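Take a look at the structures below.
Here chain A shows up in two complexes: once beside chain B, once beside chain C.
For the complex of A and B:
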């Protein structure tokens, strides 16, 4: 690991000022589970490490607001997984976090770090895109909210500027008659990255049978989180049936662009994307029916 | 720079470069070599310690991340004369062969039983995910942990 200067700002403003000062040569440290590995492998060699862990207050906590949840970016994944507020108001996030790596990692890794890492194989971004989540980012020049859907640019690349800090995750309330699930295909070991991950959100209209809205989102299926918009549009206005889900899944498989690696060939992953989209939609429907 | 930490109840002040990890400090500076390092990328679980009561991979904890922390290592769980219940159970049930992964297994299992005193086999498997062992095939590890839980519930019944 390279030598670096260590900074421990006490406030977000101080952290922003350090990023202004050191620019590209600075990296933010939260849980460290991704960054420390990259530094050990000398893939990242920052001259300055800005540790967010001593920043007080604002980047922590979970708040129920009138229009949704605000989650502090420094919350660890394990804290959120067992948070009664998350379990009650955003169960799909608790269920998704339970599938991330191991408890040792979840005890350290933060939600904000996970979202900002930009690795398309991670689980929480997939589930949170399906929930229409936004990330709030701050720099010395102000604050902006970015829909997570548009946040990812390429492998390990997000629309975050070097001077910006992801401070909060905002998850709007879901529509009535809506259910969201995340399925993770793990043919190897429990703590592995997904071979394919799929989040599906199904929202039924007042009749309780037709799809008023849908999200179909995939991880480990391209250079970013993939939102399968054509698969979603297949479902709109259709009865929520196994036949409709099969049709959407067949469309969705053409929207992914996985890489061949030791978790399978690109063709295998495309096949599995189709299977997992179908299963995720079925699971979302089962959730709506309370089974 | 210097950091202060408490390891197994004992307070230490350590002079260290910031680019060192907790497992290096434990082993090289404090000579607590019970904690092992193997994969060095947070996967194998061999370097598991408790950091402020939670299991972590000490190979991913930068020196500063341990500043002010309470750390518990395998050396803090029992002594040669007085093994902890989990240590005794690993002997009774043959929960190890070569022993390299054992300190991490026992620290992780101890944290499990602190949180869930009478876990099911499924809870043991979920909690212990990522504490890898290349010798025993895991069954005796699970038996050891369930055995320690039984011994504990008998002792407190």
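For the complex of A and C:
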């Protein structure tokens, strides 16, 4: 590991000032579960490490607001997994976090760190894109909200600027008659990256049978989180049936671009994307019917 | 008297985090050793430029192969490995240049300044390609023959390190196969598997002014390590001071010398103590993993189900060197046992082809050789039963071994309880029950036996009656020290706090060390014999003091009792001695000390036909047992072994492409976590005390992988499945 200067700001403003000062040469440390490994492997060699863990206040907590949830980016994944507010208002996030790595990791890793890492195989970004989440980012020059859907640019690359800090995650209230699920395919160990991960949100119209809206989002299926928009559009206005889901899944498989690796060939993963899209939609429908 | 088993001897220190492992050892002036490894699988070394590295401040030694004595080669038996590559490199990860520096950072920076020029040579990675005429030669055939050890059979084909054959001749087995109603042939591939101990290999070597090498190493067999260093480096026994340390896991992988010879040369060159700690990336890419194999097995079967002939050929990927194999024939000790299995086949031939390739050298891992052959044989057995329409249990019973064992005293022992273990496993897993869709069940039958060895220990008693057992056995995590303490306490009928177990090699010259599931059996037997010897000596003291004939004294209930009713405590007897009461014993096991036990493993799985996922639902492990000393530790050995067997079947394939390990970290290489484990039912037959102290660490490891594969076949149909099971393949076979 290279030598670096260590900074432990107490406020977000102080942290922003440090990023302003050191720019590209600084990296933010939250849980450290990803960054420290990258530093040990010397894939990342920052001159300045800005530790956010002493920043108090706004970057923590979960708040129920009138239009949705605000989650502080420094909340650990384990805190959120067991948060009664999350379990009640955003159960899909609690369910997704339970599938992330191991409890030891989740006790350290933060939600903000996970979203900002830009690894397309991670689980929470997939579920949160399906929930239309936004991330709030702050720099010395101000604050902006970015839809998570457009946040990811390429492998390990987001639209976050070197001077910006991801401070909050905003999750709008879901529409009535809506249910979201996340499925993670793990053919080897349960402690693994997804071979393919799929989040599906299904919103029914007033008739309670037709799809008014849908989200189909995949992880480990391309260079970024993949939103399968064509699969979503297949569903709009259609009756929510197994046949419709099958059709959407067949379209969705063409929207992914997975890599061959130790978890399977690109061809196998594409096949699995189709299987898992269908299963996720079926699970979302089952959730709507309360089963 | 009931003896309280007490807490594990090694427990409190480990739980409190104060146990000092090799990595925790610091010596005054200690340097850090790091190595530059080959990036290419097979190449001639044209030039090595270390000038800039040597000039770096804080660097105290830089060594390349040419800096070491040419005659130095290391190995656990066949010494075919240079300490640093000389003239050429033979696998990606081979050590080429080593530095010792004041910090790891300086050492790493020095390595970046080293320039090695390679001239690539054609490479070969698959053992069956490597043995073909015209294959690139990894070692000079003449040197293989020159360096071969006594029992090593060097074959004539290219890149053969050893190829022993057991049983019938080729002609005999062909003739016998020709007599059969059916001949079945299947081939199975098994992967490299890493032991995945938490603690990587670490060693420290310090040379004193008298030329003694003080060694601290993550190594499980100090006396064997001393032997390797004597033979490899030409050191004398008195020049080696090997410290006993706790071991952070072994699973068969910590018997090798690994970096100790290199640390010795770095210490010699720098004049300072040197520590070398492998990173986990180095462990996964250049450790000493289980050998990958292809096993081809052919059986001649009669219509009634009798197997009359069997020909098993194992093509083992030895990797670039044979140095990590301790067997006297340079193969793997469990190969033949697993190849024959628990069956009586009149004509059989087993061949173990140990073939050099340009890949990481293979070593020992829990049930070495047997994990590979037992996998093939038990899957093959199930496939035959299916093909001839016979029940898997009935087919095994028909062909199962019926020969009585030899007892420890040399007389006839008890017959194999194959029927009992198979039937219990079958009932527990519900082999005959109706199967829900996509649920499969399978069994495997294993014969396990221990190989004999030589063990030494020293037992002493203080005048106040405190007993001490000195053993050169390293606690590798199985709880063996706690078991020894209990055995001694039981022999003297005292509580465990009256017994100490001390780990030391002082005054001990020979000891085979931890391995082969032998330790409880052999050291247990040795401890019992030492206890008897010490009791006899105490009885003699009492006899002299009190005028009782020694024959009139019995040791009973923790006291010496004379036939006239007088009795004396241990302390009363021990306090009579005018000298230290120390008994020293070396016990060379006889063939009768070989333990033979039978066990059956069973598994129930769910196969997802759309994804190819195999999820174990239940596992059963049924064992014949002899005397069990510590029931909890006994069961944890079964559970751990089963878990590694599950990993072997479902996920633990250390993949490599063109000689490069593609799973260089634990993100990629997966072993089971608790979340991956299904319910495990352990069933022990009523103890058969004639079996003595029975081994347990390895057998259940060899049996669980084939039980799982057979359960998968139960769903996807009869196919010879390679492990680890690939979801894409299972899906193709199981497609709805």
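A few points about this structure:
Assume the second predicted complex is superposed on the first by the 291 of 291 C-alpha atoms of A that agree within 3 Å, B and C clash if a C-alpha of one lies under 4 Å from a C-alpha of the other, contacts with A are read in each partner's own complex, and residues count from 1 in each chain.
Keep this in mind: a contact is a pair of C-beta atoms (placed from the backbone, for glycine too) under 8 Å apart; a residue touches a chain by one contact, two chains touch by 3 or more.
Since the model is a prediction, treat every value here as computed from it, not as a measurement.
Taken together in the superposed arrangement on chain A, chain B and chain C clash. With both structures placed on the common chain, the touch criterion links A:102 to chain B and to chain C.
When the two complexes are overlaid on their common chain A, residue A:8 makes contact with chain B while staying clear of chain C. Of the two partner chains, chain C is the only one that A:275 touches; chain B does not reach it. Contacts of A:87 after superposition: neither chain B nor chain C is touched. Greater residue coverage of chain A by touch, when chain B is weighed against chain C, goes to B.
When the two complexes are overlaid on their common chain A, residue A:190 makes contact with chain B and with chain C alike.
Touch criterion not met for A:17: it reaches neither chain B nor chain C. In the superposition on chain A, A:264 contacts chain C only, with no contact to chain B.
Clashing C-alpha atoms between chain C and chain B turn up only in stretch 632-640, chosen from 128-136, 578-586, 632-640 or 686-694, once the structures are aligned on chain A. Across the superposed pair, chain B and chain C both touch chain A at residues 102, 190-191.
Chain C meets chain A in the complex at residues 610-614, 650-651, 655, 662-663, 667-668, 670-673, 675-676, 724, 727-728, 731.
Within the complex formed with chain B, the residues of chain A that make contact are 1-6, 8, 29, 32-33, 36-37, 39-41, 49, 51, 53, 78, 101-105, 107-108, 190-191. Taken together, the chain A residues at the contact with chain C in this complex read 102, 185-193, 195, 262, 264-265, 268, 271-272, 275. On chain B, the positions that touch chain A within their shared complex are 1, 17-21, 40-43, 45, 48, 51, 54-57, 60-62, 64-65, 108, 126-127, 129-130.
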